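Listed below are the structures to be examined.
Both complexes shown next keep chain A, but they swap its partner, so chain B is in the first and chain C is in the second.
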Partner chain A sequence: MDVTNIEIKTKNAECKPAENKGSSVQIKVLFFSRARDLTGLTELPLELSSGSTTQDCLNKLVARFPSLEEILGSMVLALNEEYTNESVIVQDKDELALIPPISGG
Partner chain B sequence: METNGGGGGSAADVSRILSELETLKTAKNDIECRISALEAQLRDLTTTTTKKDIEDKNDTVSNGSCPLISAVHSNINHDLSPDSVYRYSRHLLLPSFGVQGQSNLVKSSILVIGAGGLGSPALLYLAACGVGRLGIVDHDVVELNNMHRQVIHTEAYIGQPKVKSAAATCRSINSTIQIVEYQEALRTSNALEILSRYDVVVDATDNAPSRYMISDCCVVLGKPLVSGAALGLEGQLAVYNYNGGPCYRCLFPTPPPTSACQRCSDSGVLGVVPGIIGCLQALEAIKIAGAVGEPLSGRMLLFDALSARIRIVKIRGRSSQCEVCGENSAFTQQQFKNFDYEKFTQAPLSTLPVKLNLLPEDSRISSKEYKEKIDNGESHVLVDVRPAHHFKIVSLPNSINIPLASLEVGLPEISKALKEEDNSGSGASLYVVCRRGNDSQRAVQCLQKMGFDSAKDIIGGLESWGHDVDPNFPTY
Partner chain C sequence: MAEEERTQVEILEENNLIDMTKYITYVSAPQAGGIATFAGTTRDTFEGKSVVELRYEAYVPMAIRCIKSMCSSARSSWNLHSIAVAHRLGSVPVGETSIFIAVSSVHRADALDACKFLIDELKATVPIWKKEVYANGEVWKENSEFAERRLELGKDRICSGRKVEVKAGDRKTCCGSKVKVDG
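After this line comes the complex of A and B, so read on.
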């Protein structure tokens, strides 16, 4: 849990000086179930150059958390609580959710 | 007679009270028997009398305090019995559910697959609400470590089939519905036959292959599926294959890798989390069977217990490319029967833990052998490679905890411990233990590569220690 907090803070610090406002967007990534285990996070602010797609977001996430690779092929990707695909362009303040299936019961 | 008498005569008082209690209890029992006999007599009379008789009786017996009776008096244009009207009166009073919803429910049939954490609350509510026929599938037996979440079972049923236990509870809640027990594992060989007898299917299972199998079977048979899942502190809920909506495969065409599939028996689960999802499953099933409201189709509910958040995400519609429900799919009943779901998901349909066998025999010792080594005073180091929160539950004396994930970081600690233990100068032995004996083998493989050639694992882990050496050792 401590690790989680540190990670969010450092990421916040990284993201805050969004100098070139026009050329970058900041989104919020939400992690669910297995994605939470793999990243140790429930959410993460992510800065991307404007015009980036959801696929670009995923690439950036996998670069940072290589273990996320294992669930990329089997999860629901939702942008602002709606199903999305990899080629959609993200806007500033968008929420991107990574939702792998749970099978327990 | 002394009232608040101090010491004297207490034995006589006790005997007097006991005797009076006995008399009262006997009298109470007689009264209860008479009440029950009269009630039965009344039931017989009301079921054999005609509608006219009931109306007459109502005129004399009722003084207008019960609204049900005035309904009978005016007209009955539904097929709910007087007892049903009374039992389900709170449903009937709901304008958006009412007589129509309840009549639909009474005529419907719902199958619940799995009588565990999700199935328990789902079955309790489905039995209580008056579903006409309720099927229960499960092959497991009730265990003590189920009790914290599988609230349909009682301690008296530990060791007995879950289906039997769940059915008994359902019957005790509602004796007027039909309960069908399937004390068997759901497989491609029996799924079509079982599911085809029901209007709505509730997936309350705990593994990936079952989820794909049940979804495919529902597509093939055209049945709506209420799917729930829970693990740790999270839950998911969706209605599949409903009215042209997507199926489970439309969302997850590729099964997650085995490493991503976790079980409650490994990862843990907060009991109330499947409880909440199971209740929501009952709700969705009741809505579909009662033909009221808007089922959670094309949407997925995500429940996060820790942050107290429920999110509902719009999910994709039916995929035209779906291999099972898509436009060009020719997934037939025969193909379903031949489909290997365990191979497809790389996971077993049963929840039995896998037993790996990665090491040669001379790199392993049994828990009994390890006990002998302790008794003989052999100098050794025992490394427990379970995660730290497992180690906190219980551990063997003098073991050091180095979780498998951080084994490499812990190598210096192991070397140091071995040096300290080496009394004779001939070197201390190195043993590795985990919960069930799988991770310990992985750890020994790793240790041997790092130069700890003599590392051995304890076969079957702490579970076998509890089983073969110390029956008082807590298992979990």
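After this line comes the complex of A and C, so read on.
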């Protein structure tokens, strides 16, 4: 049917010629305790180029909120509710949390 | 698995008091000869300063995941019957309980050792934060246990999911136990 043809045409129009699988990813960043104090935010959507690492996310955040430098050396990152490190590649819809030094109990 | 059903984890929203009896009742069982508990309460002073209250917040879904994970670790090291862990959020005034852990086992040594492990592990790995509030200021606290564990946490992409083995016979009190961690 014509509908199918139209869909195909639309898809082709959206395809970017050079990169595969889309060229950017959108993640959600969560700020807790001191990180929230420093940024004034509890959460923030962040767009990055596909293949970006958690370190790239951090760099982008520090560029936007230089005061985060204060906790860079003492905090840990969590990706989708699990502790992670700076070299992990983030995927679309990932949730990245800045975990300043904890103090439960 | 049956053991999963005997682990209760609760993060209590603001203004909910911890009902210790409820958790002790939960872990009680005819076959469990020992119940060990730990209650963490807000102290009235820190380094000479008067504390008004502690204020807690948490990355709740990850905190629950981490606590469940540390309970699994405890079960792989000790023979346990039931575990209950409850942590309050929001303001916890002086004298009130912010965290409660109850563990039951057939023989008391397992419950006692696991209880200590659980509070130590919570302080090192679970994403909960507290602010100490004084008359003239407030400060985010930092657990030394976390500082010691920090570099390991990020490396293995875990949330306290590593199995911890305790060498038999290391029954020293207070900071003396050797802990072997599976690589």
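To be clear about the criterion, the second predicted complex is superposed on the first by the 80 of 105 C-alpha atoms of A that agree within 3 Å, B and C clash if a C-alpha of one lies under 4 Å from a C-alpha of the other, contacts with A are read in each partner's own complex, and residues count from 1 in each chain.
By our rule, a residue touches a chain if its C-beta (ideal position, glycine included) is under 8 Å from a C-beta of that chain, and two chains touch if they have at least 3 such contacts.
Small disclaimer: the values here were computed from a predicted structure and weren't measured.
Chemist: Per the contact definition in the header, classify A:70: touching chain B only (first), chain C only (second), both, or neither.
Modeler: After superposition on chain A, A:70 lies in contact with chain B alone.
Chemist: In the overlay, answer first, second, both or neither for which of chain B and chain C A:82 touches.
Modeler: both
Chemist: Applying the document's definition of touch, where does A:42 land relative to chain B and chain C: first, second, both, or neither?
Modeler: A:42: touches chain B, not chain C.
Chemist: Just which bits of chain A does chain B share with chain C as contact spots?
Modeler: 32-34, 37, 74, 76, 78, 81-83, 97, 99-105.
Chemist: Which part of chain B faces chain A closely enough to touch in the complex?
Modeler: It comes out as residues 114, 116-119, 204-208, 211, 228-232, 234-236, 251-252, 254-257, 259-264, 267, 269, 274, 300, 302, 304, 307, 311-316.
Chemist: Taking the touch rule as given, give the residues of chain A at its contact with chain C in the complex, in rising order.
Modeler: Where chain A meets chain C, its residues are 30, 32-34, 37, 74, 76-79, 81-86, 88, 97, 99-105.
Chemist: In the complex formed with chain B, which residues of chain A make contact?
Modeler: 32-34, 36-37, 42, 70-71, 73-76, 78, 81-83, 97, 99-105
Chemist: If you look only at chain C, which of its residues touch chain A in the complex?
Modeler: 40, 56-59, 61-63, 65, 87, 98-99, 119, 122-123, 125-131, 140-143, 146-147, 150, 153-159
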